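For reference, the structure is listed below as structure tokens.
Per-chain numbering from 1; labels A, B, C and D assigned in written order.
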């Protein structure tokens, strides 16, 4: 189990679980006026306990860190990743690896949040010299989108 | 080749290629002020010439028509499809079958357009007694999203 | 919940849960000598309790039945579905909608079982005049592949 | 365009285009006795010219190299990637990012070749101390699977 490793790695990269709660709330609140923040948080914790999610989170963060540390072997490719080129889509592919587990609602939620970029996602997208969050912003969006899907299904059941 | 069959089936269900052009323009125009409507149209025609797209379009339209004609064998299930229940996601699964071919930009575009529902997509979503467009609205969204992805890639090349 | 509806529809189309157990065992047994058939069965039941799986199962069976009853509106397209044309891939798209929920092991398992076609899958693939199992064989493969993935993850935990 | 970068990176990691040709031939030959090796090779070259494929190839190779160089920040996670743990599935997620572009036949082909592991794929899977090919073997499988799908579609057209 890499749950603690994920939370620590996210926190070290500037993402607290409460930041993801805020993104999931942005997606789910319009459909559910009464859910408590604590419940949203519990959904996100459940998602972060899934092995496939942990693997995606840790892979994404390694890629961001190794890119900003200049460890990539191909410089032209490193530049593409560093500036999160609009046609570089492997970050979204990793994110779909999370969303797919939570069904089609998670995937549409992801596409929406990826355009609107609420809260921490906008923050992560802000360009700062020497910082690479190319993968992390999509991972955060995918976890929030999956949480909103999980809550939509749970509400009904 | 089922290109003509697709255009005819779409038209019979109230969707002209120009309606899809409008949706694709909604997605792509912010990134490209100078593209002509004719070029957007040409991109959509190329997409409709792909066999996997044709198969998805025709399967979707058969499902909508057979559902509204009361041909489904399981009534409880027919009701779910007829009212496009929020937790019925097979329509999105078919749409992803199209988007996947055009890469990760198509998938995020789809999630966005599925929430905003511009033009014909909103029209198709309007509930009318006895009419089922549960599958068609997602297919139109997927074609528009794929066209926008195709144009984003093409612009760069 | 459409669990009972799924089991009944599968049975009516010639597929018992024990047939799917056999396919899942084919995939999982090489990695686990001691698992009991009852446990494999329990995994399949859990999968059939998932709403997204139920929706895929019932959509697939409606399509097969409506096609073999001659209800499709486009004859040329109906012929393609009826003979399970090698380049018609919407049946696999529906199957991936199930596999995706159970992660990447489910997807590779599906690709493998779809080529080898053990037990009931081969049976369903046998061409018989007037019978259409184009969608059903892939749904059975997807459930078996997902069960094997679920068991692989569970074994480790 | 990163076509040359991809070919060089593949070659440096021990994979020549002819190795991928051999894998694609393994998949496609049973359905096509007369296709020439040169045509299979041309299909693979076309696939390697796709931007999304290039991005997946280069990301995968960076991950393998950085892992075997001990650059990963989380040691427990590095060990999982290094030994290609059966439940680590991000390598397959990257591979699906390629296969999806070539439709559902590519995905089933991938699942099959991933189990059978012909030629270079078996070679890459052979454990050697200090070498990590966790991502590369799946990328090679995905390109071969996509080539076989492309040939199946092309043959019909």
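The rule we apply is simple: a residue touches a chain if its C-beta (ideal position, glycine included) is under 8 Å from a C-beta of that chain, and two chains touch if they have at least 3 such contacts.
Computed from a predicted structure; not experimentally measured.
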| item | value |
| --- | --- |
| Of A-B and B-D, pair with higher C-beta contact tally | A-B |
| Maximum centroid distance from chain C, chain identifier (CA atoms) | A |
| Chain A-chain B separation of Cα centroids, rounded to whole Å | 27 |
| Centre-to-centre distance between chain D and chain B (centres being mean Cα positions), rounded to whole Å | 31 |
| Chain D: positions in contact with at least two other chains | 51-52, 87, 89-90, 93, 96-97, 103-104, 153 |
| Partner chain C, residues of chain A touching it in the complex | 51-52, 97, 100-104, 153 |
| Chain D-facing residues of chain C, complex | 86-87, 89-90, 92-93, 96, 103-105, 107-112, 114-115, 152-153, 156 |
| Interfacial residue positions of chain D with respect to chain A in the complex | 2, 5, 9, 51-52, 55-56, 58-59, 61-63, 65-66, 71-74, 76-77, 80-81, 87-90, 93-94, 96-97 |
